[in-house]
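Once you scroll down, you'll see the structures, which are given as structure tokens.
Two complexes, one shared chain (subunit A), two partners (subunit B, subunit C).
Presenting the complex of A and B:
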């Protein structure tokens, strides 16, 4: 290859030093990244390899469609519930089931709670250590840290003594010589820019957030019985409501939900958002990682305000597609149109009869084919270097009208911004104003991270809106939570197909299903990380991870802080992206699915 | 292991008073279902035992076990990670990546050979030479076997590591295989559930750290303190089962009244777990309390036992309500299975006869 320009406008050059980062830690699942650096340690080629393959779609074949949510929920326990919700929506779409208003509100509350908790945990526990130097926090002046904290927020845990205690705890931890999860990392690297006080504040909130996240998910526990992996049901939600009773959701439970919402709003707005701004202010000139974000973005839209209406006008966070960075036009997305969403496998460890063609998920084929290209280095069970000219990932390459797309919080925010969504515009413009940055600054790693934070605040506040909606409906006398009219398979058509979509924390998620004679005939999922971690397609278009890494200078080729920073900004979820499988484990290469 | 702190030293250094430490020991003893006399034993153990290194590996899984672990309220996950154990490797949480992360494994083997706990989340696939789960360019099964050969004991977190779980459901295309079927020469404690309850996970860790041994296990390798009861035995809705008061469909009158979920598929009668006693998310609720039947997620092969909404008829238990996991073992007696179904059916019949369906006067 040496040097080439991709159809989607990126220049790749694999002539320089190859660096392999495997495993990428602080993500869900198993991901490998390889890059080539030029003589100035700038990334000139990037290769994203999904390194695991579990599969659920074929396991689902022949099962009861009403059970599918439980199987698909186990695609991912980090974004728990989102696949379950997508699944029940797909089955309801196929069978023509309308859900009650209360079920719509409760589902929205559960999804909003998931976003809020997931984004919070991602920022502090999976991403912060790319920006925050834990060891530097030992040098902080607790009094100055307190002043910093009080200058950015009203959060009450801000005294010099409080920060002194946390610092003492951290000091003894470091001095014990057993650094646990902080071992062998990149502390002291010039890539870290925060002053010690900001590092101490962030480490303190790492611990506070780890404690607080447990509270947010209790909304799942109340309505779905537990978290992770709460329960769902086709036709509505499994919980009933009897405000005056003691056998189901009553006033005490509802009060607890309301209290959790208040606490969540406070924590996000007084801890997460101020931290995000404080940290971002030290990295304003680290403008890398934009990749596809300034070009092609996709969101299906989420949170139907009224039940059973999937128009974008009814969405609390409207979706659509942006092409070529043109924010003046938001394209409508039709998940049923065979020309729009398609998956390609030319560079994936699967095979198609014609690998130049893409397939719509309703017509999807999954024929696994693990094969390393002619230029790979190592052996089959000890891969030293991937050959990206051939098949190189367990992730397929989804495209929208042929375009590689970025999905996730930044995509949702840019699409909603382009649609003129007032609340989201105010959030984005406010943050940019506070940081003194122009709008194009959001097309970056930092922009992706910032959009996730803003969305976390948005979802926390929207829980209040939806809760009030639920209470108003209950007050009006409607307590229904499930529509069981089409529960029995004898009420179903002999054959039908459906699609369900959800905006999951990591982006656009869709399930496409066929039901035949009461059983699942086919099940296909196209998942956020499949979009973002996508390998190349037959035309040579690169995916969002690969594009975002290009052009990034590394301080030290031995320490992949910058690679982690950008990859983590997408919040990878590999178990989600690589779930497809064949029906017969013993003869994988010769079996055709569908 | 000279540079390791004891748990007590770590807590003291973190500003925790002796009084609080002893209170923690009492709560831990109570949480493990032990009498107050055990609090002293736990305190003694934590004062003298060094912080145990833990290597937490991830195979094919969904990470729900890790997510559940960080939900623990007593003890807090942060206290477990920072004070009780030394979580030296966990690719979901650790700061390092790439070769710097993998180096820690070798360092652990050099430094703590035979003295670290191997915590396994997920399982290895065996098809395609193990390459359906690649870590550092190599099959996960290699890493698992290598670390297992040097560890002291293994915790199999969740139903993936314990039984195989969803990726091993029919037809199990990757040949995803539970830990005990590939590692035969180390003690293994199974902590099944999809996921396991947070406080069950930290309870097992606490026990192992405090006593330096595995908790007492049943014949299937599960800690008796958490898995010796069927959910049905201690279900707060059990009186409704006995009275023949059932939810017939979601959101009916019975559902609003909190009746028994047996007829909408609850697997509580055949599932061994602590949901009905410990409950979830700080003891707040559990699936049955929210109105959905138990899926049976802590049981072997629960994905292939028919629909989650079919009433339990083909599986049963021996020995009635008092049966323990040990009594049941892996062989289920057909006659007794019919017994449970007949019991339920009889309840329903008597219930229908007096025509009081959904009538709370039945209580």
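Presenting the complex of A and C:
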């Protein structure tokens, strides 16, 4: 290669120094990023390679479609609920099952609660540390932190004494020799820009956010019967409601849900959003990471207001596709059309009969074919450098009408903005106004991070709307929570196909299924991280991660904080299982500069 | 299960809280021996009942999302596949401060949140369990998607349950042997994923082969 322009408009140059960021994962499921830097340490080529997808048919073919949700929950550690919901929607679609209004409201509440919790934990636990220097927080003046806190929000936990206590706790923790969640980062790097008092405020809220999530999860426990893996059921929701009773879900539980919703709104609007603005104000000129977001975006749309109506007009957060950055036109997306969503494997470790062609998921196949290209360096078990000219990832390359698309909160926000969604327009315009930034500023790493925060507030407020909708329906005397008319397989057609889709916290998620003689015949999922972490396609279009890294200058190639910042802004999700304990707790990421 | 029971199985169940001892199985049951922790807590649940202050839980690979329960527990017993460089199938019980609680922050995904990090975060929040125990087995095979426990790992489950019971008794918890396993819908794991169902339904390994 050396230098080339991709069909989707990006210039790649692999002539410079190569940096490899390779988180070590014990078994399949890790993501590895390789970039080439020019003489000014600017990223000129980016390669995203992952081992995340093996095809669900390998575990689901021949099983009972009504059980599929429980299996799909396990393919991903964090996205459990969204896979379960997608699965039951796919089966209902295949069998022509309409769900009751209460079930629609409760599912919306569960999904909204998941977005709220997931975004909150992602921001504080995973992503904030790309912007916040924890060690610098030890140097903060608690008085200055208190002043800062009071200047940005009405949140009551703001006294100098409170911040002094947190700082002392943090100090003891650090002095005990283990930084725990904060070890092995790039503390002190010039890439960090917050003053110590802002760092202390953010670390304090990190602790408050981790504490607060235990409230949000109760919503899943109440409606799903258990946590962390709630129950789901084809036809509705697996719970009965009796406002006057004491056995099933009664008024006492519903009042608890209502109070958790209020607390969530308060926490997000008084802590998360002000933090986001405060942090962003120090990084306003860090405008990198836009990649595909200024060009091609995809959202399926979510939260059907009325049950069983999948039109975008019925969605609380309408979806669609944007092409070439043209916000004046939102394209309608049809997940059934064989010409629209297709997956390619020319650069993936799978084989197709004809790899120039893509396959619609209903016709999808997952035939592993691991083969390293002629220009790879290292050995098969110790790859030093990947050859992106050949097959280079276990992730397939999904495309919409042939286009590489970005999915996730930013995609949802831009699509809804382009559709003129009033609340979302107000949120976006308000944030940009407060930061003094123009609209194109959202096409960036920070824009992605900001959209997730705004969406967290949106989903918390929408929980209130949906809860009130549920209560009104219950008060009108409708207590149905499931439609079990087609539960028994003898009511099903001999053969049928279905598709279910959900806007998961990380983006557009779809399950395409084929049922034959009461059993699953094929099961294909296209998950958000497949869209975003996608390798190249036969035409040479690069995916969202690769595009987002291009043009980013690195302060120090040995400390790839800028790469992590942008990749984290997508909230990557890998079907990974890395919790296996090691006695020495070795580092999860290694950085190799070649 | 019929339609009515299926639909009534969930809902309104115990909300978090009200327990002081948490027995947590962690791992991914879709990846062969990675499922050890889940299968072990299921076996404990099938054989023994406990007072309401003892909570048994299938934690899957939920990482940081397990923090709300971990920080609420005074005593925490974990079943997990551990890589301590032992012979496959070897079992170890690790107690208290020897349960590792260290991990890195250079993670790319929330899925890379090791359980060590959950423990460290609980500690930083000033609410970590006073007593810890880890009942772990060295896995033989992790890289078999859709596969189940290998025979020598599976064979260790009764011993893992016995060792866990000993730890719990040491903590003052009194297990009560059950005459029969809990009914469907009442178990710690999902009925749809129970070991015999999971193994018999594996594509290409199911009824047609029997």
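Definition applied: the second predicted complex is superposed on the first by the 565 of 594 C-alpha atoms of A that agree within 3 Å, B and C clash if a C-alpha of one lies under 4 Å from a C-alpha of the other, contacts with A are read in each partner's own complex, and residues count from 1 in each chain.
Keep this in mind: a residue touches a chain if its C-beta (ideal position, glycine included) is under 8 Å from a C-beta of that chain, and two chains touch if they have at least 3 such contacts.
Computed from a predicted structure; not experimentally measured.
Engineer: After aligning the two structures on subunit A, examine subunit B and subunit C and state clash or fit.
Structural biologist: Once both complexes are aligned on subunit A, subunit B and subunit C clash.
Engineer: With the two structures laid over each other on chain A, which partner does A:484 touch: subunit B (first), subunit C (second), both, or neither?
Structural biologist: Both subunit B and subunit C are touched by A:484.
Engineer: Looking at the overlay, does A:207 come into contact with subunit B only (first), subunit C only (second), both, or neither?
Structural biologist: both
Engineer: Contact-wise, after the overlay, does A:383 reach subunit B, subunit C, both or neither (first, second, both, neither)?
Structural biologist: After superposition on chain A, A:383 lies in contact with subunit B alone.
Engineer: Thinking of the overlay built on chain A, is A:70 touched by subunit B (first), by subunit C (second), by both, or by neither?
Structural biologist: both
Engineer: Could you tell me if A:168 is touching subunit B, subunit C, both of them or neither one (first, second, both, neither)?
Structural biologist: first
Engineer: Does the superposition put A:122 against subunit B (first), subunit C (second), both, or neither?
Structural biologist: A:122 contacts subunit C only, not subunit B.
Engineer: Examine A:571 and indicate which partner it touches, taking first as subunit B and second as subunit C; both and neither are also allowed.
Structural biologist: Second partner only, subunit C.
Engineer: If you stack the two complexes on chain A, which partner ends up touching A:456: first (subunit B), second (subunit C), both, or neither?
Structural biologist: neither
Engineer: Taking the superposition on A as described, I'd like to know which of subunit B and subunit C A:57 touches: first, second, both or neither.
Structural biologist: After superposing on A, A:57 lies in contact with subunit C but is clear of subunit B.
Engineer: Running through the overlay: 4-12, 58-66, 130-138 or 238-246 are the candidate stretches of subunit B; which one clashes with subunit C?
Structural biologist: Here subunit B runs into subunit C along 58-66, and the other listed stretches stay clear.
Engineer: Which residues of subunit A are in contact with subunit B in one complex and with subunit C in the other?
Structural biologist: Touching subunit B and subunit C on subunit A: residues 21, 23, 25-30, 54, 58-59, 64, 67, 70-71, 74-78, 80, 121, 125, 129, 169, 173, 178-185, 207, 210-211, 213-214, 217-218, 221-231, 233, 235-236, 238-241, 247-248, 481-482, 484, 487, 564, 575, 581-586, 588.
Engineer: Mind listing the subunit B positions that touch subunit A in their complex?
Structural biologist: Interface residues on subunit B, with respect to subunit A: 3-5, 10, 13-15, 51, 53, 58, 60-68, 70-73, 76-78, 81-82, 85-88, 90-98, 100-104, 107, 125, 127-140, 142, 165-167, 169-176, 194-195, 249-252, 255-259, 275, 280-282, 284-292, 295, 297, 303, 307-309.
Engineer: Which residues of subunit C touch subunit A in their complex?
Structural biologist: 3-4, 6-16, 26-31, 34, 57-68, 71-72, 80-84, 100-117, 120-121, 123-126, 134, 136, 139, 142-143, 145-146, 190, 192-193, 201-204, 206
Engineer: Flag every residue of subunit A that touches subunit B in the complex, lowest number first.
Structural biologist: Against subunit B, subunit A makes touches at 20-30, 32, 49, 51-56, 58-59, 64, 66-67, 70-71, 74-78, 80, 121, 125, 129, 134, 165, 168-169, 172-173, 176-186, 207, 210-211, 213-214, 217-218, 220-231, 233, 235-236, 238-242, 245-248, 370, 378, 380-384, 394, 479-482, 484, 487, 559-560, 564, 575, 581-586, 588.
Engineer: Going by the contact rule set out above, which residues of subunit A touch subunit C in the complex?
Structural biologist: Subunit A residues touching subunit C: 21, 23, 25-31, 54, 57-64, 67, 69-71, 73-78, 80, 117, 121-122, 125-126, 129, 169-170, 173, 178-185, 207, 210-211, 213-214, 217-218, 221-231, 233, 235-241, 247-250, 253, 256, 481-482, 484, 487-488, 564, 567-568, 571-589.
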